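Structures for review follow.
After this come two complexes, each holding chain A, first together with chain B and then together with chain C.
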Partner chain A sequence: MPLHEFECSTCIPERKKHAVDKGPGEDLTSALPEGYLNTIPGSISERGCAYCGAKHVIGTPMKDVIHLSHGPVGCTYDTWQTKRYISDNDNFQLKYTYASDMKEKHIVFGAEKILKQNMIEAFKAFPKIKRMTLYQTCASALIGDDMNAVAQDVMDEMPDVDIFVCNSPGFKGPSQSGGHHTINIAWIKDKVGTVEPKITSDYVINYVGEYNIQGDEVIMQDYFKRMGIQVLSTFTGNGSYDDLRAMHGAHLNVLECARSAEYICNELRVRYGIPRLDIDGFGFEPLSDSLRKVALFFGIEERALQIIKEETARWKPELDWYKERLQGKKICLWPGGSKLWHWAHVIHKEMGLDVVSVYTKFGHQQDMEKGIARCEEGALAIDDPNELETIEAMLKLQPDIIVTGKRPGEVAKKIRVPYLNVHAYHNGPYKGYEGWVRLARDIYNAIYSPIHRLALLDISKDEIPTDKGFATRRMLSDANLNEEIASSSDLRPYTGKYDCLPDYMNHTYPDELRKKPAGDN
Partner chain B sequence: MSCEVKNKERVGVINPIFTCQPCGAQFASIGIKDTIGIVHGGQGCVMFVRLLFSQHFKESFELASSSVHEEGAVFGACRRVEEGVDVLLMRYPHVKVIPIISTCSTEIIGDDIDGVVIKLNEGLLKEKYAGREVHLIPIHTPSFVGSMVSGYDIAVRDFVKYFAKKDEPNGKINLFTGWVNPGDVTALKHLLSEMQIDATVLFEIESFDSPLMPDGNHVSHGSTTIEDLRGTANASGTIALNVYEGGKAAKFLEKEFQIPTVIGPTPIGIRNTDTFLQNLKTMTGKPIPESLVRERGLAIDALTDLTHLFFADKRVAIYGNPDLVIGLAEFCLDLEMKPVLLLLGDDNSAYKDDPRIKDLQEKVDYDMQIVTNADFWELENRIKNEGLELDLILGHSKGRFISIDYNIPMFRVGFPTYDRAGMYRHPIVGYAGAIWLAEQMANTLFTDMEYKKNKEWILNVW
Partner chain C sequence: MKDRIAQLETYIMKHCLWQFHSRVWDRKRQNEGVLTKTTQILCGEPAAHETLEDRCYWVDAVCLADAFKSRCQWLNEMDKTEIKSLMQELKNRIDYLTIDGSLNKELTDVNY
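Let's turn to the complex of A and B:
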């Protein structure tokens, strides 16, 4: 597999080891891009910091917690209202954020005193919230404030509160990934085992590495509950602080994002002997396999099969409607984290898209290994891409769509490539059977947007048709489609609602499913 | 009846109104052509600010990081700046200006960015980039001092201080706009053009609103040039519209080059726009033309349709950048509204002596509160627990949940505004801004009346 040298990066030779072209017939033994190394300064990388990895990615989705950052106000402000991890308690964690507001005098004389005042004020302002997470920032780490001591002090004074301290300053490691690691380990070390679980089923899991972006967790919970499985905790989307303290009570850790949360699963296995099962909520087949694996673990495979049958019957005709129309379209799969490998193969198999490039901002080599193994031949794999490289790649690859984050999406827009936000999602959830159809729908809507087609025209040079008042997506997507498929009554576009979550949340689940059948020990 | 000015009593912040200084310096730096700033600190200090800009403008802007990791935090990270400058210059041949923007972490560890700049000027630039025009400008914006507002003010001053160079008088005036939107710059340039005044507008950010073109332009960028900045020393006068955003640069030019200077007022509303035009007239001797009399007439006409019928006595809370908040409050008073709560999101000690604030204190005939170092909890707590009743909120998008949760209509104004489409395109300054603001406030109230069925029938015969 040849290393890929970007023209824009010939002057920084170390970048050559960070990109490869997946040649025909080649495997990973010939080359694998470097990963998770220090960022090259001035390269305009897309990476964030370890503070955001801890607070913004993993910490804040916990829903019943005061999330207080100890530092100047910027870290708090900048990571507030930039994600879509919702919760079923009116999005408390999205709405409220807290900063100790460290000023110059505190840098000089220490800020432990104001931190304590801050914590008490915050609890006073929200008397119903009794849990808090404290996040270190660059500033508080460098002045050496002992946040653990302050937290203990407040807990001693306020016996009904519990406080978690996460020491993950922004400079810790090459990217946000350092923060994922730190908060995983801190949580198991300090909090797991401090609350006894309330067990309500004979089948108990922790759902780990799931952040409930636009309600992913709600859909997945539904499947688990239909099998009679109790989701003791979710780490951390829509997760409750005290439920997560009781993680040790589960029979199985079901791990979704292995990039950001395998650490805690591995520790739960070492410390409590709870096995780890990696699953994948994206794509019909990976999801079906995942549900079966979880069910098999508990000896209830037929329940999974039932769900797979029902969901596939309900949603497959809709997925296939899009697949027919997305066949052969080129996609740059630039999501950042685990979607790199979760999607690399299945987006081809189930939506017909050709993956022409994969990238990771903060991933490690093993993420790239999985992504490259699964994506198409000829694909370009990039680690820690920078601004010029992504532009060069886009111009060279001429993809039909790029799935990435908000800001790089604005760059793609200008190059006249449709973009879809796959960090926060356009119109998710994207997990689950229905979610996967929603993703296909969003990709289809982006690629066949009539406005996108107009963007490709140069009125000063191109022949402009003067006999058209409008176009529809269907006119564009079906123009060259086989008539039989185009008019097939077996297939149909998405029929769900704009907000599909309430229907899932209103489901009821039979109690008897939560008990093992008699004699089945 | 009183107007009280006080600091937030709590030490902490629950939902901040402002972010920190480096953001302001970054906002200033994207306004200058051929400029890419390097933010010296952790990567989040850039990544999230770029995200914030892209949320507000729906565009991407280029800013680099020195990517300080542990090693740098422990042993000093100046080397990262040196490397960053080199990488940036190698890969971006058009770049001429690189501000080195410090953050809390690199100020705490005491990295000498001024020293690095001297070293690079003597070394790297002479050796590797001989013959290339490169300007490295250290900008100190520790996050634990001031806010994004002072960060902007400092950066604008530092850019001007670095470039301004005495030469022949250029007959122009300097216009420091403060932290505004592309729509504001268009409106201001329109006023200048009608008055036939040649001005250096700092900064030229109309191009932040950039088109999607057939040739695939990649990024948005401001278009103020190095020449524009140099020429500020040779202007016949300076007008800084905002005291706290650009005021420092104006004062610098006044002191250093004895340029006649007027600071303020922010031309929000009719009265402040009138003042602005009078100041322009006094400074340049150019008359106010008939076309602006007519434009003003259109605005007055529009406001007359709204003011006593809909706006009278409406209770308003306003938060955001200080000059913006004060300007909006003054306009609201002219519209017969009652701004009852003004929230300024940092602890600048100059606020309490600001003559505009003192004027409010002396003259408002109802109870008004001005809170400095404020956060959003100062607003929410008053609504939730202290019975504050409001008819309208004016402010940026970060406060959106207060409006949503307490069913108070809100008109989005300020930075960042990401939950309404295209707000950056519309001016809030000048007569055009007065029309836009008043009509949008009115429409916001109308929609709310309809949702709440609160005298919605009154609009039947308007």
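Let's turn to the complex of A and C:
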């Protein structure tokens, strides 16, 4: 096994098994790091806790719900409340955050009373919202408050409300991934099947593992609706609580982030016989294959082919404009979980970037299998890296850009590596054909930003050139580009709008597409 | 033969996701479901797709067969028997990479 030992981690020998180099001829039977294990003491992990995974990744994107944490305010506020999973109800779930505000005295005397009081207060403050999710934290789990009993009490007093309880305290698992699992299973157990589905099409899917980061789900919904397909529920971005209670009414589960949501798909298959189709919503070719598969399932392939043709014609010249300018640039693909494999191959193929490293904070070995299988030879694969390791990797690999989350991203900036936020996104959406071009545009803007030329100069020792004027991105990116490509009229940079979502949301879809043609079974 | 299998294997590993479910039993079912139907399609034989479950395997198989045919011209010159033995070898290889030779320790976990 081509293990990779970081110099900074020689004092933590267990870390050695968490990084491998994908060398020539290596495959999954010889190169796979450990994964989803408890963080090793002494290694300062960048992972989130299991409460965070349940609430901030999966629970909170549900849009018409009061999401209340039973614990100290710090749990809900200091974790990931700022993730940009927007919704079409004025971002209700993002604008407000709730905690039962546990303090020391509640640890001694119990916090069920204050929990009930705060739940009722929250419902009264937002009288139009009739749904609530309740999340356990370390503090409330350790004192053993019976949240289910309190929830039942409130539902008895307020018969028009429905409450979902998620018992996933921070310590329940090595990382946020433990929370993904818990909430998936709790939702199918407690809520799916409790509302009758409202079926409006002969073609019905659940879109699962999609969190509507900066509107990803809006773009994908548009493609499905253009094919006449009803998205009965989205688990959970822009998803509605009651729609998600009716997931059992779909014909097919279309699964995007298998890391966070394969559990509910597997359960839907076992309990309701709904099959699971794993797809990629990123990248022209994988997305086209995915749309085609969903359409084939319903016998409407030509509708997908039409969308693929139109979208490719519209956006490919823009993608290729960036590809020409990003060719051979080195990228560290360091998202949290599933994007490492969604992007590992296609970002190389369609944007010309060389993936020099993949990492995951909370992924399992399964995610690394997909990532290592897809990335090119020579990449360094790291599981749950600590900050010193990421710095060492960046200094050694000299990437032109890293794509990651906010915490490691800020570290990268300090050592002057351009970084793009691919958790909450910079200027998403990044899914769909247009989204993929927006990602290419953001990567291009980051790599060629003139600020990085200036930032590399150290005024305390470097000579500062005074004979050079300003530079623009275009001057930097086109300096060594072949003239024919630089001035090609077939290619162009992104021409979409700053906010591209309203156009998608204003589309109308012909009703007849939702009915199977007569004679079709 | 080895060379040809490697080409097909690379395509699956870079483009597909169906082979990476989370447990041994799951992966066995997936590999069998998709690759059996792909073989049938490549051989021009009927591949069942009436039930929802069969249909789901079938859509992956249709796309895989198309990709194989368009990228590997040599496939179009093979007869049915040759295709069947090639696909059996490919399945053995995918089973090895994703199940029998896999280093993924979660594959045998009884819970998921």
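The rule is short, and it goes like this: the second predicted complex is superposed on the first by the 506 of 521 C-alpha atoms of A that agree within 3 Å, B and C clash if a C-alpha of one lies under 4 Å from a C-alpha of the other, contacts with A are read in each partner's own complex, and residues count from 1 in each chain.
Methods note: a contact is a pair of C-beta atoms (placed from the backbone, for glycine too) under 8 Å apart; a residue touches a chain by one contact, two chains touch by 3 or more.
A quick note: this is a predicted structure, and the numbers were derived from the prediction, not measured.
Of the two partner chains placed by the overlay, only chain B lies in contact with A:I107; chain C stays clear of it. Looking at the shared chain after the overlay, A:A304 reaches neither chain B nor chain C.
When both complexes are overlaid on chain A, the residue A:V254 reaches neither chain B nor chain C.
Contacts of A:C138 after superposition: chain B is touched, whereas chain C is not reached. By the touch rule above, chain B contacts chain A in their complex via residues 10-16, 18-23, 36, 38, 41-45, 47-52, 54-55, 58-60, 62-70, 72-73, 80-81, 83-88, 90-92, 103-105, 108-109, 142-145, 147-148, 210, 212-214, 216-219, 347, 377, 381, 397-398, 400-401, 405. Remark: chain A residues 1, 27-30, 32, 34, 36, 181, 251-252, 258, 262-263, 266, 273-280, 285-286, 289, 292-294, 296-297, 345, 364-366, 369-370, 373-374 touch chain C in the complex. On the side of chain C, the complex with chain A involves touching residues 13-15, 17-18, 20-22, 26, 52-53, 55-56, 58-60, 62-63, 96-98, 101-106, 112. Interface residues of chain A facing chain B in the complex, by the touch rule stated above, are 8-9, 11-12, 38-52, 68, 71-82, 95-104, 106-107, 114, 117-118, 121-122, 125, 137-139, 141-143, 169-175, 387-388, 391, 395, 406-408, 410-411, 413-416, 455-458, 461.
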